Amino acid sequence: MTTTEAVQLLEKFRDGKADRDAVLRAFQAAPVADLGFAQVDLHRSLRKNCPEIIFAEGKTPAQTAAIARKLASSEKRVMATRVGIEHIRALRRVFPKARVHEAARCVTVERVPLKKRPGTVAVLCAGTSDYPVAEEAAVTADFMGNTVKRVYDVGVAGLHRLLRQLDEIQKANVVIAVAGMEGALPSVVAGLVSRPVIAVPTDVGYGASFRGVTALLAMLNSCSSGLTVVNINNGFGAGYAASQINSLAAGE
Amino acid sequence: MTTTEAVQLLEKFRDGKADRDAVLRAFQAAPVADLGFAQVDLHRSLRKNCPEIIFAEGKTPAQTAAIARKLASSEKRVMATRVGIEHIRALRRVFPKARVHEAARCVTVERVPLKKRPGTVAVLCAGTSDYPVAEEAAVTADFMGNTVKRVYDVGVAGLHRLLRQLDEIQKANVVIAVAGMEGALPSVVAGLVSRPVIAVPTDVGYGASFRGVTALLAMLNSCSSGLTVVNINNGFGAGYAASQINSLAAGE
Amino acid sequence: MTTTEAVQLLEKFRDGKADRDAVLRAFQAAPVADLGFAQVDLHRSLRKNCPEIIFAEGKTPAQTAAIARKLASSEKRVMATRVGIEHIRALRRVFPKARVHEAARCVTVERVPLKKRPGTVAVLCAGTSDYPVAEEAAVTADFMGNTVKRVYDVGVAGLHRLLRQLDEIQKANVVIAVAGMEGALPSVVAGLVSRPVIAVPTDVGYGASFRGVTALLAMLNSCSSGLTVVNINNGFGAGYAASQINSLAAGE
Amino acid sequence: MTTTEAVQLLEKFRDGKADRDAVLRAFQAAPVADLGFAQVDLHRSLRKNCPEIIFAEGKTPAQTAAIARKLASSEKRVMATRVGIEHIRALRRVFPKARVHEAARCVTVERVPLKKRPGTVAVLCAGTSDYPVAEEAAVTADFMGNTVKRVYDVGVAGLHRLLRQLDEIQKANVVIAVAGMEGALPSVVAGLVSRPVIAVPTDVGYGASFRGVTALLAMLNSCSSGLTVVNINNGFGAGYAASQINSLAAGE
Amino acid sequence: MTTTEAVQLLEKFRDGKADRDAVLRAFQAAPVADLGFAQVDLHRSLRKNCPEIIFAEGKTPAQTAAIARKLASSEKRVMATRVGIEHIRALRRVFPKARVHEAARCVTVERVPLKKRPGTVAVLCAGTSDYPVAEEAAVTADFMGNTVKRVYDVGVAGLHRLLRQLDEIQKANVVIAVAGMEGALPSVVAGLVSRPVIAVPTDVGYGASFRGVTALLAMLNSCSSGLTVVNINNGFGAGYAASQINSLAAGE
Amino acid sequence: MTTTEAVQLLEKFRDGKADRDAVLRAFQAAPVADLGFAQVDLHRSLRKNCPEIIFAEGKTPAQTAAIARKLASSEKRVMATRVGIEHIRALRRVFPKARVHEAARCVTVERVPLKKRPGTVAVLCAGTSDYPVAEEAAVTADFMGNTVKRVYDVGVAGLHRLLRQLDEIQKANVVIAVAGMEGALPSVVAGLVSRPVIAVPTDVGYGASFRGVTALLAMLNSCSSGLTVVNINNGFGAGYAASQINSLAAGE
Amino acid sequence: MTTTEAVQLLEKFRDGKADRDAVLRAFQAAPVADLGFAQVDLHRSLRKNCPEIIFAEGKTPAQTAAIARKLASSEKRVMATRVGIEHIRALRRVFPKARVHEAARCVTVERVPLKKRPGTVAVLCAGTSDYPVAEEAAVTADFMGNTVKRVYDVGVAGLHRLLRQLDEIQKANVVIAVAGMEGALPSVVAGLVSRPVIAVPTDVGYGASFRGVTALLAMLNSCSSGLTVVNINNGFGAGYAASQINSLAAGE
Amino acid sequence: MTTTEAVQLLEKFRDGKADRDAVLRAFQAAPVADLGFAQVDLHRSLRKNCPEIIFAEGKTPAQTAAIARKLASSEKRVMATRVGIEHIRALRRVFPKARVHEAARCVTVERVPLKKRPGTVAVLCAGTSDYPVAEEAAVTADFMGNTVKRVYDVGVAGLHRLLRQLDEIQKANVVIAVAGMEGALPSVVAGLVSRPVIAVPTDVGYGASFRGVTALLAMLNSCSSGLTVVNINNGFGAGYAASQINSLAAGE
């Protein structure tokens, strides 16, 4: 039942052309038989300040470009994550001004960049190999309207590197801590700040790192309070959740 | 180096009784050799509005009561989680007015209850067996100064139970979704709200639920954005993180 | 929005006391804000010929008896699975005529037994230790209105025991094959019948049987077509699914 | 012992040329020593309405084509699953009219298409990446004589997409629900329909999805009744089992 | 079809009272429909020199005693493995002369002990904690008619203990090597003897021994040739297989 | 200490040029300090009738050929397993008459073929994809002097295929049963024969077959007695152990 | 061959009563046939400064006491680890002066305490629940003649606690770092000291800590160099290895 | 706060231009806000005799060369591990005299080779496939100033190969034992020497070796005392720890 049909039904009823019970049954069935009009509302509430983001991995370049073009018809800003070289080419053909974030493996199209809300999201990573995941988080948070402070290469094997920048980190509203191998960085950080820390395990490591499982488990078992965790390499998810939190802080 | 010693050193220096380089070296060594004075500051910033909480499991009743008594000497409010019957008895001997949260397996002592900040934390759980973990999250969030909205027994096998209360859930600043077995509730919820959702897997289930591992994995792989996850049965951690987020929303 | 409220709203609208758009919005919100009336319909369609069944494990005897009593107020037949001695006592206090299926660890209360539909459900198990799970499946299927043919102790180590009863097995509409250890029985059976076979792994075994995981994996990897699998020890689930299939065969 | 030999033996016996005990021993040994004649019967009963299907993965193109040609000598319809480009070429050389189902990675040869039985099999999938597995299930069910209703891209992160088509889904005799990542779709669906639901986990996902294991475990631990599960990516198995169930519903 | 029925059918046929094709069909169906007469033959060939052995774990004392009594009616020797105190009591009530092998957790009843075949089975174990499993293997092999040579407490941490007895070990026809923890003993032994070595992992160990899984995996990956492996703690299986091998060596 | 040195030491002692205790100490140290002479004996006893076999995987073609050439200088027969195309080329350059066993991925060089001992080794496999592993077992057993009976494609999904050849299988001294997927074949076979059965899991399968782990676990948990297991795909190990057993049967 | 026999053989040879080759053969066989005399030497070299230590878990109190008594006949100092209350009682009956280390679950008997070598072994632990394992390490190192510096409750969630004592830690020759949960302590410590660090994971934690596996994996994947790891809860092993290292430092 | 700034602040204070409390606060914050000057000291203590080592895997050739060049500006010796062909080319362009250790996959640049300290590090490996890991350990230990004794191809399947060189092994200060497959070598070795043994599992093997996990677990569960373990294939880590130990032995 489309909104138009619903209106027509109601008008029929008012005009005595439709039975009250029939109207009732139609609306009762609606949420189940056809949620067309509800769906839009639902979506709008969900998408507040949150432009659509495409997960390109496992999609063909053509599919990715097609979805992006369709989104761009209604959205001012489009983002694609986990892009490969071919995805980038296909997206650039459609959006010549698309911006490629190479390390983050993301592409963003922003005709009207979002105004940054107050408060920063700090993105930390333990080693150089964790860059791509950290950048995915940073680019996502930036794209969703947040000021991002990058604090990279601060693994716990050289604690002074982290402590030297602690002041910056403590000023952030949310901290994203990205690490592979033994995944200890988020635990140490969450012991030093009073704001929410989102831990992102990466698949950096070898042998018994089991492609990020060790880092994931370590983060889930942190002895520090206030730590929450996302899937291995899920920089996007961390950036998204951080933006949700920062937007609350901004009173949105 | 205590603060007193530091003051003395500085005064010696001003009075020409200490060499500049010696003062410099002393302070350079300080963070490593003795962080006594820094530690206090560090702690204060961390403990803002966050009273100490004792994890009782693995501690003897005597130890638990002793720690609680010590904390109570400087804090107005004390909480212990994962308490057994013996822990409760020991705590009641020290704090006759201690409040026992049976389902949550928590004890709280609040001489001056915290004033509730605006904004609610919604705590959802999938089934009756998930109660204890959900209650641990709810009691923790409540203890840390948040208004908690409980929405229990809304597992995805009967979707209407969840949808019926969606309005309430969407009003919350943060949602904690607790589930065992296949752990699908947080995914469904995160698709319906625009606020941060913290997923808590429980060890409810049997066979291939592997004491909560299945629920944990499902939550980490959610197709919904904005979901972060804590350890199996970690209601406390979810309540703590939710409070951190809600305090940001309250402009603290 | 209850049905009464919905009727009132529609009447207000017809009487010109309510705005068309307001009515529309109210109904659009309904499926989400309050699905009370839809829920009943939904439930009825689901519960056709399927009386309520209580999973007692993890519930207190008192809770179990209370739920059973409530169900009995609207249902003619009630069943509880995974009952312990205390559950049985509590249920018997409420329902003196309750029937205890000891091996199956089930209790059934049937004021008006369901008329059996045509077609049989064959329940096979590999060894004596698999009895409880097989019986849970058999009692469930029986309770849901199916004639059950038990073929027990027909593990593949003594193939002749199985082949001797193959004729009986081939006559069934659905076959439930229960096995622990290496879980080979369902594979062998599915190669011998043309009807759906539901495999139930049990936690019977030791060492590398990993409490049923080996049997579960073996069944999921069967080289025979037409095999579907349920969780370890989930006799109830197999009986339930078999009944759904058999009811289709009966033209329900 | 061939049928011819058996006939000869019986005739010898009738003619007094063979001893009764010798005949008896020969037949007693038969099932074990040589089941040649039984095998055919066995097979016929199994193959009722179920044309042969070739699993091409791990077979060379030449082997696949040879088996297909041999089957086609006695069967009117042949199907191959998990075909690659080379398998397709080899099959097309033998069967120029072979139909290639690209997304499903299947090839079918149907000289006389099977008449469709009444009742539909609904095939649902959660995301676009689950297409190939869903299509394998759909093509298999179709090939085996069932009307298939495809309901794709209805993952639980956007519940309205699923609910909008619930009516269609509830009409089916059997539902196949295909999902990767957290594998929540089958649980939600099984809570909304009263017919058997077959869950198919896919290897879609990354990190802690462990190539489908997370989805598989989630499905096995579903809180919804009536769900059975097949191996990761086993669209064929789900389609096959669904057809077995639907054929029962058709009174075959 | 019983042998009597088969005889009657053949006689009917000879007498012209049964059709040839009917006889043929009956016998063709026999192996499948009723293998009663074949079963006995099958069994006899399997049981040659191999008295029945009862796995008591998971059986009640009453069940165990009942099975033992039934076996004793046709067998001269009965053995039960994995017995507890209650099983022993129940068995002793039936068989006052039953012999209890405490360390091996076995009970044997031998009215006429089996004559020992030539050739020995050597049973080695790494540490004192592996005793029970080694004894189960030794008692099983002994019960099945083999001379057993026990070589205990020869773990690889003290190689000289093993090497000192190498001569004895090399004389055996089969070697059973039992070990927990890192499970290295069978590898070392198989490198020193030219006869078949059966490796038995035990659940001795803690932490990352995972209740015998580490030992099991180590044995499966042995760099020594000629090693085969049984399940964790499966002393019975090793003793059984060793006896099968030794009986071949004895020309049986 | 070489044999020459040992002789010299003894002669010195006899001639009064060496102290008794010094001689004693030298020999006591010998097994540890230098086992040169013992090693040969040790080796000879191990290599009785067991020509050297090279595991080529992980070795370069050049290395493989070099080792083979060196072996051929003292052995009449050389075998290499797990060879690739390049290994074959390298071996053929050295041994133009080398025989390539393509399916088994083996190369054998037999200037004087071993005389076959009496008794056969039966090699069974479940499906066509298990061929390479079965062939590796068969070629190994053949190379080591055994008559091999191949019984292929007898998976449990079509039991009649196996039963038809049971007679042949029961005649063998040892049975090697090779299977992937659910790995049920060895269990079924071990229930039908009285001789030792060696189970070989293969990595054939997909999804939850976990590259052979499921088959391995199933075989370790067999409900049939007398089954021993080797590593995934370890056809060589099974052939080797079978030959050891068969040589015992031959009275060697 | 005992030393006495060896002497006799040599004397026979000198006296011309034994053939040179016979003597040679006897000694060649010795290392294998009977290593009795070598064994002692071997042992002595191994036991230098390392008194015997009994692992009591899995041994009966009687066995433990008997072994201890036997050791005490030749050793001045005896130690038992993993003792329970009954073990303690049994040991005290034999050694009334035995010292019980309650937290460490150890008993030591030292008639003549070992003189402490120079250099200290620092034992760190993350939380109070890690005490027993840390104490086992500390008591072992102390018993083996090392000065032990305990630095407890210095988990990474409160970094200042660790840094405050860094100076002490850096002075040690070897550091043992004990931690459960996410096991991050050893990584942080190994980044701060230049001496060998031995990491000991404990089973402290819940949920996805998997009884110490998470801590174990984290330690194995440390981004800090110079870290080596022992089994979960293996305080004894860490103390033993630390003592071996410290004795090297002491020039032993 | 840089050292310059610290000096300025102190001078301001002395000159009465800065308040005492302000100076105090600045220095208290220092360890946290800016550890710049401390960092250097920390590093120097850590790097004593330990030149920088680059882990090249996951770094581009350009990155690797750039880091190496930067290090070479302050260090006399540079090492890179896990290099590929491209890394080697890039490093040779910068350092034409760089030495390539092919088997070890390492490159070293030593303008002034480190003087070797007394005492040797023995590096053992089980099979030829373990070479690369053993060489990584050996080259690392050598580069860090240790005399290395290589004892290769001494797997436990041929014990005599190991025992023959035992004397050499027992002379070393530290033993590194490298093995894949069942990983038994370190256990056997640790039972024969009194010095610390560092075990290195490799990913050599197939099937249930799980890319080194089996070897890792076996080593962690060793029944020999004094064994510590590093990550799978972590030759570098073993060499580094061995050097730390040997430098202690050298009295550094």
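Note that the chains are named A, B, C, D, E, F, G and H in the order they appear, and that numbering of residues resets to 1 at the start of each chain.
Note that contacts are C-beta pairs under 8 Å (C-beta built on N, C-alpha and C of every residue); 3 or more make two chains touch, one makes a residue touch a chain.
The shown structure was predicted, so the numbers you read here are calculated from the model rather than taken from an experiment.
The minimal number of chain-to-chain contact steps leading from chain C to chain F is 1.
Path length between chain D and chain H in the touching-chain graph (shortest route): 2.
By the document's definition of touch, common neighbours of chain A and chain E comprise C, D, G, H.
Sharing over half of its contact pairs with C-F by residue number, the repeated interface among A-H, B-D or E-F is B-D.
For chain G, the chain whose average C-alpha position is most distant is D.
A rotation of 90 degrees, rounded to a multiple of 5, brings the CA atoms of chain A into register with those of chain H. Chain centres here are Cα averages; for chain F and chain G they lie 39 Å apart. If you average the Cα atoms of chain E and of chain H, the two centres end up 50 Å apart. Contact with two or more other chains is made by residues 31-32, 35, 38, 42, 163, 191-192, 207-209, 213, 216, 220-221, 225, 231 of chain E. Every pair of chains meeting the touch criterion is listed here: A-B, A-C, A-D, A-G, A-H, B-C, B-D, B-G, B-H, C-D, C-E, C-F, D-E, D-F, E-F, E-G, E-H, F-G, F-H, G-H. Across the interface of their complex, chain C is touched by residues 31-36, 38-39, 42-43, 57-59, 63, 201, 203, 211-213, 216, 231-234 of chain E.
Those residues of chain G that touch chain A in the complex are listed here as 126-127, 155-159, 181-184, 187-188, 190-192, 205, 207-210, 213-215, 217-225. Chain contact summary for the complex, chain H toward chain B: residues 3, 6-7, 10-11, 13-14, 20, 23-24, 27-32, 35, 37-38, 41-42. Within the complex formed with chain F, the residues of chain E that make contact are 31, 42, 45-48, 50, 53, 163, 170, 173-174, 191-196, 198, 216, 220-221, 225-231, 236-238, 240-241, 244-246, 248-249, 251.
Those residues of chain G that touch chain B in the shared complex are 128-129, 160-161, 163-164, 166-167, 204, 206-209.
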